[in-house]
Structures are given as C-alpha cells and as structure tokens.
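Two complexes, one shared chain (chain A), two partners (chain B, chain C).
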Partner chain A sequence: MIDIFTTTFIATFIAGVIASAIPLVLGSLGETLGEQSGVLNLGIEGMMLFGAYFGFVTTLETNSYFLGLLAGIAAGFVMSILMVMLNIWLGLNQIVIGLALTMIGGGITSVLYFSTYGQTTPRLGQPDVFPIPVLSDLPVVGSSIFQQPLAFWIALVLAFVVSVVLRNTNFGLRVRAAGQNPNSLDAAGGNVVRTRTFVALLGGAFAGFGGAYLALMSAGTFTPFMTSGIGYIAIVVTMLSRGRILWVIASSFVYGISVSVGTVLQLTSFDLPTDVIKMLPFVAVMITLIVFARSSYVPPALGVPYTRGAR
Partner chain B sequence: MSNPISDATGMIPLPSDGQSKLSKVMETLVRTILPVVLALLTSVVVLIVIGKDPWFFYSEVFRYGVMGNGWQQTIRLMAPLLLYSAGLIVVFRGKLWNLGYDAQYLLGSVVVAGFSPMLIEVMPLWAAFTVSLIMGTAAGAAWTLLPAALKARYGTNEIITTLMMSFIGIGISNMLVRGPFQNPDIHVPQTRVLPVADMFPQIPGTRIHIGIIISVVVVLIIHLLLTRTSFGLRLDVFGSSPKTALHVGINSPQMILILFILSGALIGLAASVDMLGYQGNLRANINPGYGAAVLPFVFLGRLNILTTIPFVAFYCILDTGGRLASLDSGLDTHFLMIVIALILVFMSVIEYFGVKKDLGQSYLPPGLRRAVTGLFDRGARA
Partner chain C sequence: MNARSAAATHSNTPVVSMRHVGKVFPGVIANDDITLDIRPGRVHCLLGENGAGKSTLISILAGMQQPDTGWIEIDGQKVNISSPRSAMDYGIGVVYQHSTLISTMTVLENLMLGVTGGAFLNRESARSRLTEISAMLGVEIDPDAEAADLALGQQQQVEIAKAMWKGSRVLILDEPTSMLAPQAIADLDASVERLTKDGIAVIFITHKLREAYSMGDEVSVLRRGRLIASIDAETLEGLSEEKFTNAVLAAMFGDDISAIGDRNDVELLSGAKVATKVRTKSSRSDEKLVLHLADVTTPSTPTEFGVSNVSLKLRAGEVIGVAGIDGHGQSALAEVVAGQVRATSGSVFLDGDDVTKLGVRARQELGLRYVTDDRLHEGIVTDLSVALNLLLKQIGKLPYWKRGQISKPDVDAEATRLVEAFEIRTPSIHARAGALSGGNIQKLLLARELSHQPTVVVFNKPTYGLDLKTVNRVRKIVKDFAEQGGAVLLISTDLDELVELSDRVAIISRGRLVGEVENNSPDTARQVGEFMVGSAHSEGNHV
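Moving on to the complex of A and B:
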C-alpha cells in the first residue's frame, strides 16, 4: 500500500479534483444562465462533446491550445444556434430537442472520430502552465493550484463575471425575469425572446468551452462519448444551486472530489472496480437529490416557450 | 379528443372541424412520414460530406435488413422493441419522462443472463423461462422506484433522477457481469452462454423465436388497457391536466408510481425476451441503446401502440441492416444515432407547422413575424 499522505500525492489529488471540476463548472455556468432565463438545455451533453471534439482536432492540427479552446467555444455556440431556432423561436419541446441535440453531438463526433483518428488514436501533450509568481513556489498547493493552465483562471474569472452579471446588472434582472415571469418582463418593455436567445447562445459557448477544457486540459485526448454524463450532472448542479454561482463552484468541486477519491482508492489497497469509480459521482448526485429533494428548485417558466398574450 | 403527441411535445390539440376526412388522413400521413423521409435525405447529405457512398450504404441496409434472412432478423428484433415502445408510451401518455430506460433494459438483461443458466439446471425449461421473465421484469421495474417515489412525494424532476439512476444502473449491470455472473471459463468479461437448446423455441420453418408472440400479446393487452379501460381514461386525464385529475379524484402520486413501474417492467420484459430468445449472454460495457432509438417513433405513432408498430418495423430494418452496412462502409455504428436525432428534429418542426396550419396562424414565430412585417410597415409609411 502506498502512502497517500505524501505532499506529491496530495498535490496530484488536488490537481485531479481541479481537472474534473472545471469542465463541470463551465458547463453548469452555461446551464445556469439558460435555466435562469427559462430555457432548459438538455442538449448540453451534445454541446460539450462538440466542443471537446472540435477543440481537440484544432489543437492537434495547429498545436495551439488557444485556438483549440476557441474552436471548442465556437462549436458549442454553433450548436446552440440550432437550439435557439428550434426551442426559443419556434417554441418546440425543449426535452425532445435536447435529447436530439445530445444524440447529434454524440453521433457526429464519434462518426467523425472513427473515420479520421479511429486507427491512430492520437494524444495531445501537456498544456503550458501559467504559474502565479510567488504562490506557485508554495509546497503542496503551489504545484497543484497555482501552476494551472491560463484557461483555469479564465474559467474562474468567467464564473465571477456571470455571478456579478446575474446578480447586479439590469441585464441579469431581465434574464431572471424571463425565467420567473416572462409576461411581466414583456410588460415592462423587455424582450423575452431576445433575452433568452442571447443567454442560450452564451450558454452554448460555455458548454463548448467546458467540453474543450475537458479534452485539452483534463484528458489530453478525445474519445467518443468522453463527457459520460457531465452535461447531465451540470443540469443537477444548476438545479441545486438555484442560480447562486458560489454554489455552482462548490458543488462542482464536490463532484471533482468524488471523481478523484475513486482514483485514489484504486491506487491504495482498496481494490475498487472501475465500474464503482465511474458510478461514484452519480451516486453522490442521487444522494444529494434525495436529501435536498424538497429544495431543488427550478424557475416557474422553465421549459415553457413564451407566446405573447397566452395564458 | 385528446392528442397525446401535441400535448407531450407541448403543443395545442388539433381542431377536427373544417376538413374532409380524406384530406385529414392524408395530412396525418404526411406529418408522420415526412420527418422520416427528410431525416433520411439529410443523412444522405451527411454521408456525402464525410466521403461515404450513400447509395452503397442504403442498399446494404436494405440487403441485410430485408433480403435473404434479413427480414427474419428484423422481426426477431421487433420482439424486444415493441415491448420497449409500449414501456415508453405508458409513461409519455402520463406526460412523465422515463429517461432511465438504458439501465432498466440492461438490469433486466443482466439478471436474466446471470440467473437463467442456473435456473435451467434445477427446474423444467418452462418454469425456468417463467421465473427468468418475472425476474427480468421485476429488475426493470425496481429501477424506476426511486425516481417515481421522489416525483410522487416531492415532485423532484424525474428527467434528472431517471438519468442519474441510468448511469448508476449501467454501472451495476457491468459490475454484475464482471463479478458474480462472470463466466468462469473465459477471461472476457461476459456471462455464461445459454445453450441454444435451452433458449426460446423457434417458430417452425423460421429463425424467429417465440418471443415475438409473447411481445405481441403483451403489447395488445397494454393497448387495450390504455384505450378500453377506466384506467386508460384516468391516465389520459392525468396526462392532459394534473389539475383536472385532482378534481375528479385521481390519486396522482399513486398514478405516478403505477406508470413508472409499468414502464420499467415492460422495458425489463423486453430485455428478458431478447436475452432468452436471441442473445443468450451479456458482455460488459454493451449498451444497445434501443431506448433512444425508439423514442422518435413512439411520438410519430402519436403515443398509440398500434400505429407505432409499422415505425418499429421500419427502425428494425434500419438497425439490423444499418449495423452491418456501417461495418461494410467503414462507418461508426453511431451513425444511426444521427439519423434518429434528425427524425426527432424534423418531427418537431413539421408538427409545429401542422399546428400553425390547423389554427390558421402565420407560420413564422411571433418575434420573427414582427421583424418581417415591420419591414413592410416601415416601407409603407415612408
């Protein structure tokens, strides 16, 4: 049995938590924006896969992580255009379209991967780290927290920005009104469809970013269906956080811990099967849902397309 | 008249006046078949874009799915998929979303695959079949209990809970295959293989096992239950308006539990029939993904089991032929998933235009309409 309390080990553990939490943070941010405005994005899994695949391909071809992330964001954005047209403009059923988008994302990326990289299964190298001066020399946290790629800090800044925008700006108020009571937003001179469109596009970009982060920074490669349910967990995180970004981050890190604990247990003498390790996060989510069954909350207008004058 | 698809997809029921019967039938046919046609055409474009020959692919689909012995394979696949569709229709009619179908199916499969080799050693074949079918059905039903209870008691969103339970259930079924049910003679993670002699007998002169008969009988019973009994009526009332259901004294929590259990049981039964009739054993990490595949067809059949049957037959041809045709054309089998997703999208869009036409409204969504007509208004004023 190896000693799990060495500093290197703890540092690896923390880095593992971050690697699995950040894609979820980004996905949940996008989902939060959408749900606050009343749009349920059930296709987030497909958008993340799209972001992951196109980010991976771009980085592989250009060797640039920056372009890869941009491509991932663009891929998520393009897919959310489809969602906006079908769900928000035409007002089609958000669950049916969400399932369809998940299937389109999974299907297209795995078909493309199979026909281009299926034989070679290439991997990417390590992304450049962005050490924070002084702090990165600290013993344990230095090598784990303060030597992360720049994208990690961008993700945290984005979370802060989303939090401020939702809470403290006029735009955030409009977004929340569109989810709480679209009629009153309309009466006050806001445009429900435009607000929701804008926010859903932003949500798609976030999901694409999350997927690209997963492929480029966390996994270093793309495998078909690599998101394996993170998108759905993002929906749960969103439901439990009720629009509070701090909660989004906290619960994403709890998810990250439950992923990393599994890996750690496997390294030690507890010989846990991989199936159990893959299940752990979902079990954690399910227990949370049972415990907080009464307080999981969604905006009243969630999933309801807006028709002016309809009761 | 209630119209489950319009309700289930969040749309307004169709008014039935002002149209001759024939044109109405024609319109329904167009609305039902056009999505499939458009999806297939789009998939042809997708095939061309990724550099495959669409004519070759679809002629292979036809060759493997219908010609030679293909049609027997197709009918063989219909046995589980008809039960599967019935399982989805039951909950969708109640406007509940059971999206944990994958786990319910796999758990049903794994329980039957694990226990039936032991059962046939200790009891006569017919008894082993019966016990296996009951166990598989119970396994599928059991996996819906927690989401159903949470929905019934606290109103917790069943989409999320069933999805989460799906991931857990898939993990458990893989664990069972690798653990207690592992075939001790080989190293590949899979269960013991049922000898062909101990599987469902085949219909004389064909390779189709009797599972299709079980399936058709059960599906017809469910159809009668949904359309000809007071339970079916109460279910439709509950589905179209929970408030009305409350007023006429329908016990909603009980209804939710019954619908979920029935749905899980039918999906578990589907898995058991396929396991005892065709598969004979289960490998780890195998997920046939039939649930997502039959999803659009259940809606295109307008949540009616009888009208869904031709669609299931169509999908079975696509599935049997498509898997082999994908191999031949060097495609990933997930290509079929794209076709299914396209059908879902086109179905929703065409349903939207259909409803707009029936209501005599503009086809443009309100926001876009204002933008377009606004252009002309300004032109007129200037």
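Moving on to the complex of A and C:
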C-alpha cells in the first residue's frame, strides 16, 4: 500500500491529470470551432492519431519537440483538407466521411508504426520544461503545474484565443451564424463555404496538435490507436460545452481526473481488475451524459451541407 | 388615394430595371420574360397568388438565383448580381418572408453579421448605426434583446434595419404583412412611408389586394410566372378601390376566377375585403363539452416552446382559433391534444373522459383527429399509394384488413369514394402520394382525418402555402364540419383566416394562452393583435 497523501504523490497525480486533459482540450477546441460553424468532424479521432504519429516520427528523427508538434499540426491540417473537399465543397454526408477518416487515421498510422518501429518500439525522452519563475518553486503545484512544457501554456493561450475569437470578432460571429442559420449568413453577404472551410482546417490543426501533445508530452511514445477514444470524447465535450470554452477546459479536466484516479487505484490496495479501471473515464463520460444530456445543444445546421437556395 | 403622391418629387428614372427576365426550374416556368422598372421614392407592389413567381423574381434581384434569360440594369447600367453580397453592394436590401434572424443571437449581433472590415466586433459603432436607422424608420429597437424574444413586428423592424444597414437604395419586402397584427402593419406602413420620403425605392410583395391599394404607388400583377398587368402611378391614382379590385382580380386569376368560388369568396381570399365571421348561433355554452385541457404543460425544446399551464374548453360545433407567432407552442398544443406528446402535468379530457395517458391511436378511436402542418413528412407516407395513405389510420380494421391482409377491393372502393368526395386530383388512386401537389396532399389529409366519424379535429395551419382555390375549399370543409356539430381547434398564423372561421380566438405566446377574444365584432383582429404585441412587450425582456 502506498500512502497516497504524500506531496510527491499528489504532484504526480496533478501532472497526470494535466497530461490526459490537454490533448482533449486541444481536440475539443478544434471540434468546437467546427461545430459552431455547422461542421461535424467525426474524423477527429483519425486526425489526432495522424498528429500523434507524425509528431512522434518527426521528434524521433530530429530530436526536436518543436518540429514534432509542428509536424503533428500539419498532419491534422492535411487530413482536414480531405474532409473540407468532400464535406464542405462537395456536400457529402459528414458522418460517413468523418467515420472514414477516423478509420483511415487509425489504419494508416498502425500499419506505418508496425512496419517501421514494430520491432524496436522506441521511446522519446522527457520534453524540456518551461518553469514559471517563482511559482515553480512552490510545493506540490510548483512541480506539477508550473513545470510544464511550453506546449502546455500554448494550449491554454489557444483556448483563450478561441474563446475571444468566437465571442468578440466578426469572424467568430460569422462562424456562429454559419452553424445557427447558414441562410442568414448568406443573405447577410457572408460566405458560408469559405467560413466553414477555414474553421474546419483550423479544427484539423487543433486535432493534430492534440494528438502530437498526447504522443510527445503525455505518453513519450506512439502506440497504435493510442488516442483510445479521446476524439469521440472531444465530440461529447463539445456538445456539452455549447461553445463555452471554460466548460471545454473544465470537462476535459474532469476526464483527466477520472483517468488519473484509475492510475491511483491501481497503485493502492483496492483489488480492482485493470479492465474496470480503464473503463473509468468512459463511465465518467456516460454518467456526465446521462446527467447533462438534456442541456446539450448542437447548432441547428450541424452536419447539414449548405447549398444556396435549397430549402 | 394614398399619401405617397409626394413620390413625384423624386427622379422618375428607374433605379432598377429588369429586362426580359426568365427563370425555369425543372417542370415549372417560374418567371417568363418579365420586364419591370423600379423607381426611387415609390412603393412598387408585386401581386400574385402562391406560385405566381413573385419569390423567384425577388431571389433573382437578391442574388440568390441567376436568371436563365434577360438581364438587370441598375441606374441604366447592365449588371450581374452574382451573390447576395453583390446585391448588397449594388444597394439592394431584402427582407425575406421567412425570418433570417438568428434567434439565439442578440439584435446587435444579428445586425453586425453583414459587417466586414476589422477583426473585432465593433459594438459601439453598430449601436450608433442602429440609432440612425431607427430614427430613419421611426421605430425603437432594443439592441440587446435576443431575437427570439421579439414580437413578430419587432423582428421585422430588425430585418428592415438589417436590409438598410449599408445604405440600400432599394428595399424589397417579401410578403411582410402575412403574419402581422394590424398594429404592426400600421407601424410598417409608417416606416415604409418615411423611407420613400428619403428617396428609397420599395418593392412590396403581397397577395392582399387592400394592402396593394393602400400602400402601393405602382402595381404589377404576376400570374403563372408572367407579368400580366402593370398599373403605373398616374393610373392608380385615378382608380377607385372597386375598379382597382376588379382590374387586379381579372389579372390575377383570369378565367380561373369562377373556379375559385363566388365573388365574395374571391374578394375575401385575395384580401380585398376584411373577413368577418357570420355567427350562426349566439351562444354555445349549452353545447356538449368535447375537449377540455386542464392546466396542461409540455416540455420546451431549444427551438420551440412547449405549452405551459394551458387550459381550454372546446364545445361541440365550436371553432376556437389559436393565434400567435410561429413556434410559440402551437405545435406542442396540437400534439398534446393529438397524443403525440405527453403532458408533463395537467390533464386532457375528451367527452369528459381523462385521456391524458392514452396514445395517438386510442384517441383516434374516440373521435379525435389532427391535421398536421408538416404535410409532406408527418402527414403522408410519400412512397405509398394515394389509396393506402387514405386508409393509413384504418390499418388492421375491418373491412379493409381481413385476417391480417389488405382487402384490396374494399380499400380501393373507399379510396375512390374519398378521392371523389374531396376532389383530390390524382392520376389514379394507385399513384405515389408524394407525387401530388401540395394542395392535393392537403385534401388527401383532410379526407383521411375527416372520414370515420371524427368529433374533434385539430387543424394546424391548414391553408399555409396553398393556392387560393384550395384555400377556399379547405376553409369550406372546416366550416361545414363545425356546422355539423364537429369541434375545431384551428391553429393559424393567418389572422384573416382566424377571424373568418373562429367563434373565439385564443392568443398563445411563449407557450401560454395570454388572452381570448370573442369573435363577435369587426374589431376582433385589432384586439387579437393587441394581445400578441402586448404579451411580447411585457414578457419579452426578463427571460
């Protein structure tokens, strides 16, 4: 039995929460942008896996975490170009295309990983931390919260930026209008297709970033299907948050806590099968859904391709 | 004649000219060789039935559609209006028939939607622009109200402000009065007058003759996609209302006029006259109570109100009209009566029996019917035959189903009888129901719901979007049904229709019945309007 109330342990717990939550925050930010504009990105799981794999490979080859994150972002972005062409420009069914992208993402990255690294299963080292002066010297929170890699702070800043963009810019207003009532946006002289395209590409980049964060910062390696449903959880988080970024962050951290609690339970003397422990985050999501599903709200035009004049 | 003769002070050169404009959709010639001039400072009324091609013409001017033939000139220059944005750049502002406001956003956000330039929303400059436009229209608009909380008339003021936001020279109003209360129509009239004094050209689309006469400086009549008649300002000034009505009716309907109904019907339907109800019985309080809602509440959805604490008593032979802005609980009311939605509290009584817990089918057996407003999706099964659609609600019953199998001869015989009785135009009773026109689908629904001894029928927007001939027919069916002792709950957004058919009109707002007006004086429409406007004002802002 381990004493779970030592400062080291609590610090590790907090760091674990952050490591699980940030990829979800990033994915949900991208999904939120897309859904606010009426684009349902079910391919987010595939995009995150793409980001994770190409981020991992790049860092492994170049030893640069910065390049790795960039590569991850680019991979998500490239995949979302495919989605934009099929969904937004050609008006194909967003559910079908999204699921296809998820399968493609999982399939391609697994095949590539097994054929290249299947024997060696390489791991990355620890990323450099970006300690915040003074605060990083505090007990418990110092080592857990204020000694995170720079990417952590970038993710938080991005969350703030997305929130400001959605609420306070002309572009954000157009994004929301495209999701609420694309006809209104069109009639007001806005360009529905261009707005949705832009946002969907951004969403892909966010998903790629989230995937890369997961591989480089949280796990330190890539394993096939390592996202294990985070993409889908991001969709749930998005629907529950209704465009409110604080909610995105809060619910992502709830998820992070449920993952970390599982780890804690494994270390303590509770005799729980690991399968049950691994289920915890999903049980948490299900309970959240049962409690809050009534208040979940999706934009009316979500998933509906826009064609001018069609009624 | 109208007060807008002052229009003559403005230049007589057209600001917009349509030249030989044509547009064809699969199977329909929507516009055929239309040539029109729109002059500054004048109200140009476009009249025509549903399906005459008015909306297509407007969507071409608005840049939503491209003409197949012909062209448009602005200030004498041939232009290509390729998108709504370019229409706006040419100074054409449009207020569409269906609201384009985003209900979850505030008025200010809705108005800022068309603004480009600058990354951040400039709320202050938008506020001052709104103040300017409000002064121009002579109205007051609360910039921070959510669009969903505004009364219909107020929503329309926001739409006009939106259309004028970038300094339009031409304002197009597509059927702006069809759902407005009389007071709101008067406000609209005043705003239009102020705009034309400033030299704005207004295109006013309507199917109501009396509005065209009172508001229009010039009138054009469309029928089946063609421009049938144009009345210029000088001629219009010299015409009496009666002569105007005669001329326009002849143009609107041509030889079809006798097929629609008698002269009185035609004048009522075309809005030349205001409807009044001829009451056959003075009091119905001694009649049997057939439908009773006691304090009924249903859940709301994000897009539509449910009903809250609604109580209503409907007696045999009575027609209760329900007026209100679309989406304010009308569907919930219809569905909770029909049994499609369960009441979360309160009770529904049919003939004195509590049916709150009964489903749709059980209530049908007791004589309750619902004619839905969603004819195509909820009303019929588009891929089944007309015959099967007519007997859809008799599934499993003798004599149409025997030992679990369809008895074709009985089904066909009954279907043939109904098709004839309700004059449903179909190539055959075996044709796909989805292939029928809107009017015939509605007749099919009426045939199905009104056969097999109904006692209470809920009609939800029964004439919405139909041609006048069918409108007349449907209204007759409703009247006859009530005449024979049936009870009717008539939900409609057409105030004229409610006044023509109802004994009482109840007003629904935000899911509550906020008032009731006995339909026994020519003043009914105004009183109903007062409730509609009043309830929105008092309840609008604190939610």
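The definition used in the following text is that the second predicted complex is superposed on the first by the 311 of 311 C-alpha atoms of A that agree within 3 Å, B and C clash if a C-alpha of one lies under 4 Å from a C-alpha of the other, contacts with A are read in each partner's own complex, and residues count from 1 in each chain.
Assume a residue touches a chain if its C-beta (ideal position, glycine included) is under 8 Å from a C-beta of that chain, and two chains touch if they have at least 3 such contacts.
Note that the structure is predicted; figures quoted are calculated from it, not measured.
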Partner, of chain C and chain B, that touches more residues belonging to chain A: B
Partner chain in contact with A:Pro122 - chain B first, chain C second, else both or neither: neither
Touched partner set for A:Leu112, first chain B, second chain C, both or neither: first
Which superposed partner A:Val285 touches (first chain B, second chain C, both, neither): first
Touched partner set for A:Arg308, first chain B, second chain C, both or neither: both
Touched partner set for A:Leu92, first chain B, second chain C, both or neither: first
Overlap of chain C and chain B interfaces on chain A (superposed complexes): 191, 308
Footprint of chain A on chain B - complex, ascending: 8-11, 46, 50-51, 97, 99, 146, 150, 153-154, 156-157, 159-161, 163-165, 167-168, 171-172, 174-175, 178-179, 292, 295, 299, 330-332, 334-338, 340-342, 344-345, 347-349, 351-352, 365-368
Residue numbers on chain A that touch chain C, as the complex places them: 168-174, 176-177, 180-181, 183-191, 297, 300, 308-309
Residue ranges of chain C touching chain A (in the complex, touch as defined): 59, 62, 64-65, 83-85, 88, 94, 96, 100-105, 109-110, 112-121, 162, 302-303
Residue numbers on chain A that touch chain B, as the complex places them: 42, 86, 89-97, 99-104, 106-108, 110-115, 118, 191, 193-194, 224, 228-229, 232, 235-236, 239, 273, 275-276, 278-279, 282-283, 285-286, 289-290, 293-294, 296, 298, 304-305, 307-308
